[in-house]
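We just call them A, B, C and D in the order they show up, numbering each chain from 1.
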Amino acid sequence: MTALSRPPHGDDARAELRARYRRVRDLTEAFAAPLRPEDQVVQTMADVSPTKWHRGHTTWFFETFLLEPRLTGYEAFDPDFRYLFNSYYEAVGPRHPRAQRGLLSRPTVEEVARYRAHVDGAMEKLIDCCDADAWADFAALAVLGLHHEQQHQELLLMDIKHVLSSNPFDSVYVDPPLAARRTTRPLRMLELEGGLVETGHSAAPGVFAFDNESPRHKVYLEPFRIADRLVTAGEWLAFMADDGYRRPELWLSDGWYAVQEHDWRAPFYWRDDPDGWSVFTLGGWRGVEPDEPVVHVSHYEADAFARWSGARLPTEFEWEHAVATLDALDPRAGLPFTAPHRTRLHPGPAPDTPGLVQASGDVWQWTASAYLPYPRFAPAAGAVGEYNGKFMSGQMVLRGGACITPAGHARATYRNFFPPVSRWMFGGLRLAADA
Amino acid sequence: MTALSRPPHGDDARAELRARYRRVRDLTEAFAAPLRPEDQVVQTMADVSPTKWHRGHTTWFFETFLLEPRLTGYEAFDPDFRYLFNSYYEAVGPRHPRAQRGLLSRPTVEEVARYRAHVDGAMEKLIDCCDADAWADFAALAVLGLHHEQQHQELLLMDIKHVLSSNPFDSVYVDPPLAARRTTRPLRMLELEGGLVETGHSAAPGVFAFDNESPRHKVYLEPFRIADRLVTAGEWLAFMADDGYRRPELWLSDGWYAVQEHDWRAPFYWRDDPDGWSVFTLGGWRGVEPDEPVVHVSHYEADAFARWSGARLPTEFEWEHAVATLDALDPRAGLPFTAPHRTRLHPGPAPDTPGLVQASGDVWQWTASAYLPYPRFAPAAGAVGEYNGKFMSGQMVLRGGACITPAGHARATYRNFFPPVSRWMFGGLRLAADA
Amino acid sequence: MTALSRPPHGDDARAELRARYRRVRDLTEAFAAPLRPEDQVVQTMADVSPTKWHRGHTTWFFETFLLEPRLTGYEAFDPDFRYLFNSYYEAVGPRHPRAQRGLLSRPTVEEVARYRAHVDGAMEKLIDCCDADAWADFAALAVLGLHHEQQHQELLLMDIKHVLSSNPFDSVYVDPPLAARRTTRPLRMLELEGGLVETGHSAAPGVFAFDNESPRHKVYLEPFRIADRLVTAGEWLAFMADDGYRRPELWLSDGWYAVQEHDWRAPFYWRDDPDGWSVFTLGGWRGVEPDEPVVHVSHYEADAFARWSGARLPTEFEWEHAVATLDALDPRAGLPFTAPHRTRLHPGPAPDTPGLVQASGDVWQWTASAYLPYPRFAPAAGAVGEYNGKFMSGQMVLRGGACITPAGHARATYRNFFPPVSRWMFGGLRLAADA
Amino acid sequence: MTALSRPPHGDDARAELRARYRRVRDLTEAFAAPLRPEDQVVQTMADVSPTKWHRGHTTWFFETFLLEPRLTGYEAFDPDFRYLFNSYYEAVGPRHPRAQRGLLSRPTVEEVARYRAHVDGAMEKLIDCCDADAWADFAALAVLGLHHEQQHQELLLMDIKHVLSSNPFDSVYVDPPLAARRTTRPLRMLELEGGLVETGHSAAPGVFAFDNESPRHKVYLEPFRIADRLVTAGEWLAFMADDGYRRPELWLSDGWYAVQEHDWRAPFYWRDDPDGWSVFTLGGWRGVEPDEPVVHVSHYEADAFARWSGARLPTEFEWEHAVATLDALDPRAGLPFTAPHRTRLHPGPAPDTPGLVQASGDVWQWTASAYLPYPRFAPAAGAVGEYNGKFMSGQMVLRGGACITPAGHARATYRNFFPPVSRWMFGGLRLAADA
């Protein structure tokens, strides 16, 4: 993190951090509340982690990086958890293999809840007693831990969606999503001039960003055009009807291979029912609505769709430049901080507001950019330096933020990334073109 | 089942069946009682089924083969269960893939308990109201269902042992097993004359056997010798010390391949601790005791050990002939009908009694016989005909019965069978030799 | 080999062995003659070995087991060949992995030919100069080497058939097979009484047999019936037309799994052409002829066909008893010693001769018997003891001999064996039933 | 190809093209000349194609894209070759699976030679008779075909190196490479100012480039430094001695996974001999020479080495800017047009010349850039549009040119690309750093 926030260390700062800590931690528990212990154990593919693992791992982060080095006399809840709940931090030691997280029946869900309470108590103590000298570093790490937990809140929802969808019969996480309105706003291409522009996060006091968003630097953009809204399910149906999944000339070579290997012929979570296409949502199965953004498509599919449209995907720099220039991103979009399971948890149709809409709060948007370090990028020091940098290979950048991204978590400079074949996260697309 | 029992259909018969039904069904629940919901969901390898699946599948057997065809007005608890809890009965319809049983978070453990109660109520009603005319067939099928459930009680224990052992840290199902006594009885070879002998189950009223044990038929045996007790862990340690796992000349070709592919160098559930070999039991990890029978070895290992000993495995016909001639099998050996989780659930050292001991109640004993149909074998009619016959390929016969086999379930003619590479069931061995 | 032949050691014996050696070795070369170097290098699946490997390995057998221990001053042609041409003899040392034989471009075909000439020269010298004392053992081993080479002649043909069939366009090894006559002889079941009979090879001077055919021993057979001819392609078409490949109740469980995994719906080498089923032969593709025996079916398919027919496969003991009793086996059937590529190399329709026909010379016949040791079986001493015994697991016995089996190689007691899923050898079937 | 050369269509142009065609085609045959038919058939991993396939496929390119559409009355040598020798052109029709090219024994090497002669004759006729109107397009396509063949010349050498190395015993393609001189020039970092620079191919008459090198466009570069020579084998030995292959903190996550999955601990083709590290060259095995450039390392290894050095890889834009600014690339470097198998075919130590050396002619140099389209990139029209664009996913760019790249084939703007895990091509590295 080249630009961690540096909160003041007075009592207000402590109170604020305590409240924020509590709010984020509670939200995770609220997400788990509708689930049965059985739901929280299962791992339905290697990419998915069990709910109880997410709950444990986010807790382990605070225990490992904050409590153990900084809280005198802290006693680990269970030393075995160091092994069980490490995700990928080589510097911290060996860890349980990722693909085998679903083979563990223990610790039970109840034990994980006790683990969370144990760490929460200690964290609150540390917030109160942390030396003024150490405060800035401590608070920066704590805020990193909270952003880390927010990322896992989104993962938890992505993963439980996959778990519930694997039951052959309908399983519902929340009440069904509200019906989307029925009219699609016509798509308009907004034109931008480009030129030598700045991109990336500019370090500013009190503003958090991950290390991979920095340093802010110059890039040269040719004039370009970008769509004012997301691609819809209805437009995707037209692509399918025009044999989009059967025409190799529309696809990258790796994408065409994936189409055939996995027998793709529609977005993930779509099902061809006798009365039309259905989609699995966190509220269960329901008909595909043409006006809602398409979601759960891979980079390969997004790229092929764009080619079929006579367009292309924007680069991450074009996307960021457009969104920043047009001031289009609403950081409150996405998942509100309360009552998560009352919200839609599914993207909705574009609003009528003029200008670039749906920048955030519906789906992550695939870009044409590979996930690579910015010029002069340097990972954070220590084990948390493994957070981002070592994944800069074989992945594509997504921008924006989804309906399951916690409000306040996304930024215009935020770089999400996944392998181009991944479909289980909430990935959709926005078109671009040369001007 | 060529020789199903035919209980009288008077009130006594009904009362007796009701009591027996209740006893077997209760035992299954008693086995699940020490487990948390999380333990009952997990599938740690393709061979293992989750506890809740065993509880559901044994119930499905009664629902599918008894209630639906015979109880007027019976309403299925949940029609989806027909798909979820079918194991391998092609004639009954499609089914959930075996290797994906652990991907199902639903139905929950609690729902499965309600399913069991629903079916138990209906079964008790059917026992009371079944026509006198239909009684014999009904009772025979019900008894088959109870033997089927007993087999799954053993599977449930084998499987939960694997599940608990997959937690990297010690997980205990029951109190640790009692310490075994410390003296090994010297091994004696008992000599038998052989000749033209009879083998297999002879149909007799009121005596249950599976169809694969019939018909009783003649086989010719050369004179042979058979060990009076099982091979011990101490003897296995000597085999290991003599490089038993590193000498290809001791092994069948497939066995040697397995040794290398899986890097076998000790029985399954053994661990090389700094202070010697430990073994995982249903009571947790403890030191290997030299006097207890070796258990959790594959056919390949048993065969290699026998070759190393200058002996061989008995054929299933030799085994049966010896045990029947010497009247060595105690049908009450194994798991008593009450308080299962207070028993050892681990094999114990040989008693001092003269003659052939440990015929049953400790470990299943690998034989040199492939699992093939007896001459003039005919599977039972209807879907239950899939019970045994279709598995007569690629498997080896084990005889006897283990410490986790319910008392009263084993017989001298009982043919258990597993692929030669399998290790997670309670397989051990008894030596034989040419006379 | 418990019953190796013991030829007299006079000059006649030497001359006879020299002639026999030359005849067998020449036949192998005659098989390779129609092939281009390119054909002799390729390995189209793990089971297949390149032609040049067969030519080298059979030569290695003589070099390793005869020349190196017995010919003073013998110099290995190339010490690397010890590694390259060892098949599976653990006692001889490490070896090139079987599945990677097709990755070797060297030694070239020409070098292999020189290797053969080098060893042939040395063998002829050894035949001439071998001490009278050592003659019996030497000659027995030499004869074993020749039988070994005959087995590889058959393997070479099986394998090159697979290689040529893998070219997408028609590749022909020999002139097309002669047309089969057009009438199928009606199938008759011959009845045999059974009882306590003898089976296996009885050691007799001058008669060769492999070790797995001994000792001769008693088995008890129930009265049974056996078909007087092989199952035909026409009968197989009827099985297919009756949904034989789509009805699980006809199949062993492992067989049904194989049907679905490999999408079997006809014998191997059959192709569904617009104008009917074609079959690939060593003479290329041609229409399936209803009167010829079906060939290239797995044990699973043979078993399912028999069940569909209301019959079963014979045990190997029934087969041997019937063939021996009826004196039905013609040892000259199969591949004549000359001009191999002028023969049919494809099974032909049954002759009109009365009694049991096609015992040998058309297809190997699957039996219901697992490949297991006979009572009191003992493998040969030394490395050649690995020849048979270690494969007695997971395989089924086939009896008879095929159109590509060298004449004089088969016997009534001969036990061929393959995994039940194998199809590329010349496997067919003969029906049996209970009397 | 946005910038195909447009040769004048007079007699000189025809003569020049004819001579060039002949020269390139002959060179391919010269490469095959030292090989036996057996060498030309084998496919030792999925990435490798058999020599005879390369010889056929380059011929198919001329037949498919030039002769069939343009030479009236042209008759295909063998219509089946359309299927067999198509590499990846979906628009041309179905094709033989890439990983199964080594399963084809036919067409033989001799038939492929006849195919080449057939097409060469027709091409020469077409060069002579092509209409003046059609000449420009025809000549541009023919030149593309020749550059295509040059790429396959390099592939042929990469692939045959792998084939020969798969023989367990030493196989030599050419005479051993000359010994490298013994002094390593000390590494100097050259500094460049960066700024807004131009990159990519600028269309110019008569200058060939592939479509992926265009359009020329602006990029902004921060000031940077770049090494004046390649990383040497001696420097790589220091990386290995410093546990470079055992320290996860040096590696990208995917790279660390590859290290463990493939058990990497040295460059590909290196072997740990008792007397030190050896390397397999096209002249056979010989000791690693510390002064020669390291070669056959993956992108992951190059990236880890750079991190270990406190440096990084250059982006492809930095590389091109440095080489173009410093005029460092010698297009005659690499493989001369004559007598290929007399040359070294292995990279050599840096010359003493001042400035940036080894830009081309030794190894391809991994960059930090993912292989992505340039702004406003448009693939060529028609089937040849599949040449480059569809591979712009999951690959990294290499720049420069290797000792096996035909002279005249490389350019400063040339973009080679491979998956980051690939090692069998001649990939090495040059370091860079922030200024």
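Definition applied: a contact is a pair of C-beta atoms (placed from the backbone, for glycine too) under 8 Å apart; a residue touches a chain by one contact, two chains touch by 3 or more.
These numbers come from a predicted model, not from an experiment.
Traced through touching neighbours, the fewest hops from subunit B to subunit D number 2.
Averaging Cα atoms per chain gives one point for each, and the point farthest from that of subunit D is the centre of B. Averaging C-alpha coordinates per chain places the centre of subunit A 48 Å away from that of subunit B.
In terms of their C-alpha centroids, the spacing between subunit A and subunit D amounts to 39 Å. The set of subunit A residues that touch two or more partner chains is empty.
In this structure, the chains touch in the following pairs: A-B, A-D, B-C, C-D. Residues of subunit A that touch subunit B in their complex: 36-42, 44, 52, 80, 83-84, 96, 100, 102-106, 108-109, 163-164, 166-169, 171. Here subunit D touches subunit A in the complex through residues 88, 90-91, 196, 217-220, 222, 248-249, 251-256, 299-300, 303, 368-370, 372-373, 375-376, 386, 390-394, 420, 434, going by the rule given at the top.
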